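Read the structure below first, then the notes.
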Amino acid sequence: MQAMKVRRAGRAVLAACAAAAMTAALAQTSAVDEIAKYRAALQDGNPAELWEARGEDLWKAPRGPKNVSFVTCDLGQGPGVVKGTYAQLPRYFADADRVMDLETRLVYCMVTQQGYTQPDAMKGPFGGPGNKSDIEALVAYVTSQSRGVKMNVPLAHPKEKEAFALGEKMFVYRGGTHDFSCATCHAEDGKRIRLQDLPNLMTVAGAQKAYTTWPAYRVSQGELRTFQWRLNDCFRQQRFPELIFTSDASIALTMYLARNANGAAFDAPAIKR
Amino acid sequence: MRKHFLLWGCAGVIAVAMVGCATAQSDVDVSRQAAAVLKSSFKANGQAGLDRLDQDETQRLCTQYANKALPKDVAEMIEKLNTASIKWPADGKWLGDWKNGERIAQEGRGKQFSDDPKGPVGGNCYACHQLTPQEVSYGTIGPSLYQFAKLRGYTDETRKYAYGKIWNADAYSACSNMPRFGHSQILTEQQIKDLVALLTDPDSPVNK
Amino acid sequence: MNSRRRNFLQTGGGMTLLTMLAATGWLTPRDAAAADGWNAAAFDTKSMDDTMKALGGGTPVPSKAITFVQTPDIAENGAVVPVGITSTIPNTQSIAILIEKNPNMLAAVFDIPAGTDPSISTRVKMGQSSNIVALVKADGKYYYAAKEVKVTLGGCGG
Amino acid sequence: MADPMRIRATVAGDSTEVKVLMSHEMETGQRKDAQGKTIPAWFIQSVTATYNGKTVMSAQWGPAVAKNPFLAFKFKGGAKGEKVQITWTDNRGDKRTDEAVIS
């Protein structure tokens, strides 16, 4: 009851609040403009290129106990085809009877063709100082070969439909100490966290802008980060436990977001804060 | 003849009901399956155990009604449930130290699996709100709180509202985006008082 | 002390910049570091006192002929701050980047041989909001320009 | 061994623009690891660019240059098909030289 009264009182001063916010907004405009300049200055010379080059070498080199390269790996368009494949992932793979994103497919090829054990293939999905991730480099290379290609993720197979539907539900799942879901930050237009723009991933435009600019070189970390990393780190900040690399939930969410991005030209590896 | 007609009519009604049921059922099924797949897709890390995926009543209802209009009765139920959870200060004092409040508002760490469990836990208010005009790096998920008490008055009523809202935002607005800082034991009572001071102390830069 | 240093910079007083210049230890590479000619002493100055001890070189004067290009007023992240410096002072020999509030002030020195444009672009780290000083040596004399760059906090996890 | 640099050299009019990305940690020596131990400094100290055997740029760097460093500069001259060579040396004595054909 008391609370309700306070709420009403709060509304009465709303207009005054808006006026105050406008004064503060003036200073804000210049801050946002300057951040835009900062981002523009970084575009020329993206260290992601270093990962792409390393990834290309890794893709072509014989590897693993069986000493074979990825040239026999089928990313969906036939063995060894790289160009344009990322724009059509995740997708259902009959040989594995599973919907797979790029990272999951790379691990699959490492195990089935190159002879790695599953745990070895899953090792080091995310690099850090002094330990470079082969997966991140491979992803950088493969994704770079879809630059400019229109996103065209299929939703034909029942398992593709299922993954999409599950991803859609997971997106709004609230949990953890802070009650956060993906939608807490990514379901409204024009919002920011600190000075970082938050894409509204529930709209086509928002999903397109966000999904087509991952992977990205993160200047805050000095690393190239993949979409698997993006999801893992969002959940970390949501105060959830740790999302398992290539888990079903990670693929379902990727499917949901990638499919929503259909029609937009893929434009990564990018560079971000 | 007449009997037949009735029979068919009934069957029709039942069929429609079943179709309706089937869609509703499948939506619930997908939600259930999504929750189950989520739970098998995470591993405990540091202070973040798998129990963090278990939803309380508020989280469950807010997930269920995400993307839909929240029915009035459900909203009222959630607000009532959460209002009851607010622990008002035993000493009746609202104001802590606004300078500490500013530090808590800036601090983004706490409760993440990557955080030291003994390390600082903040409110990270600037992630979503504008507060002091000096900090240009603020988010806009929540409303601007600049001049919070200057506009509302430096009254007990304003302070009680700020305290209660920080303790449990869902008591005021069901399925709020704002964490329930007191209820979920993210911040201590003293930290919340420090934040109330940041918002409602006349000396706080928020009110300049 | 920090604020004093800042005041000197803002008023263009010679004192601080003189010590900064000394900090660069530009004149003679005197340390046998891993890389040939790398001046360990120059890159190790942490405080005013250290730099006071190493006085040397001329007093730099402010110059409008030194400009910052592609250097934003606000950096979204201090780990990577783009800095571009162009000098139109005739016979520019070197361009140095100093970051006032970093633990070590000197970030980089670029020697500009004849035939190379007196203009460089790179990226530096900044621990916090600070003045960036562009120090130019031309015809044996020293000139400078300063620009404040604000470093913001970002993201959700701090 | 360190990864190769990415070097782009393009001639326009009478000068050549060179843009370089280097793969390096550029560890400051001021950061601590999870156990609280200081991570030792590890950074590029010198960079030299040559064209036709002539030095067109040389630099001394401290650890305040950003990780995976970027450098851009311009020199007079240069012709398509000729090479620009860049060498860096870090504080551990590691060295790397790469070259790029001017386009």
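Note that the chains take the letters A, B, C and D in the order they are written out, and that residue 1 is the start of every chain.
Following the convention adopted for this analysis, contacts are C-beta pairs under 8 Å (C-beta built on N, C-alpha and C of every residue); 3 or more make two chains touch, one makes a residue touch a chain.
Since we're looking at a predicted model, the values are computed, not measured.
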item: Contact-richer chain pair (by C-beta pairs counted) among A-C and A-B; value: A-B
item: Centroid spacing, where centroids are CA-atom means, of subunit A and subunit C in whole angstrom; value: 38
item: Distance between chain centroids, defined by C-alpha means - subunit A, subunit B (Å); value: 25
item: Geometric centre distance via CA averages, subunit D-subunit A, whole Å; value: 30
item: Computed distance of Cα centres, subunit D from subunit C, in Å; value: 19
item: Multi-chain contact sites of subunit B, meaning residues that touch two or more partners; value: 112, 114, 126-127, 136-137
item: Sequence positions of subunit A contacting 2 or more other chains; value: 31, 185, 193-195, 219, 222, 236-237
item: In subunit C, residues with contacts to at least two other chains; value: 74, 79-80, 84, 123, 150, 152-157
item: Pairs of chains in contact (touch as defined earlier), listed by label; value: A-B, A-C, A-D, B-C, C-D
item: Subunit A to subunit B touching residues, read off their complex; value: 2-3, 5-7, 9-10, 13, 16-17, 20-21, 24, 27-28, 31, 165-166, 169-170, 172-181, 183-185, 188, 190-195, 198, 202, 235-237, 239-244, 247-250, 252
item: Interface residues, subunit D side, partner subunit C - complex; value: 15, 26, 28, 30, 45-46, 54-67, 69-77, 89-93
item: Residues of subunit B that touch subunit C when the two form their complex; value: 106-109, 112, 114, 122, 124, 126-127, 136-137
item: Residues of subunit A that touch subunit D when the two form their complex; value: 44-47, 49-50, 53-54, 129-130, 217, 219, 222
item: Residue ranges of subunit D touching subunit A (in the complex, touch as defined); value: 3-4, 6, 19, 21, 23, 25-27, 39, 66-68, 70, 72
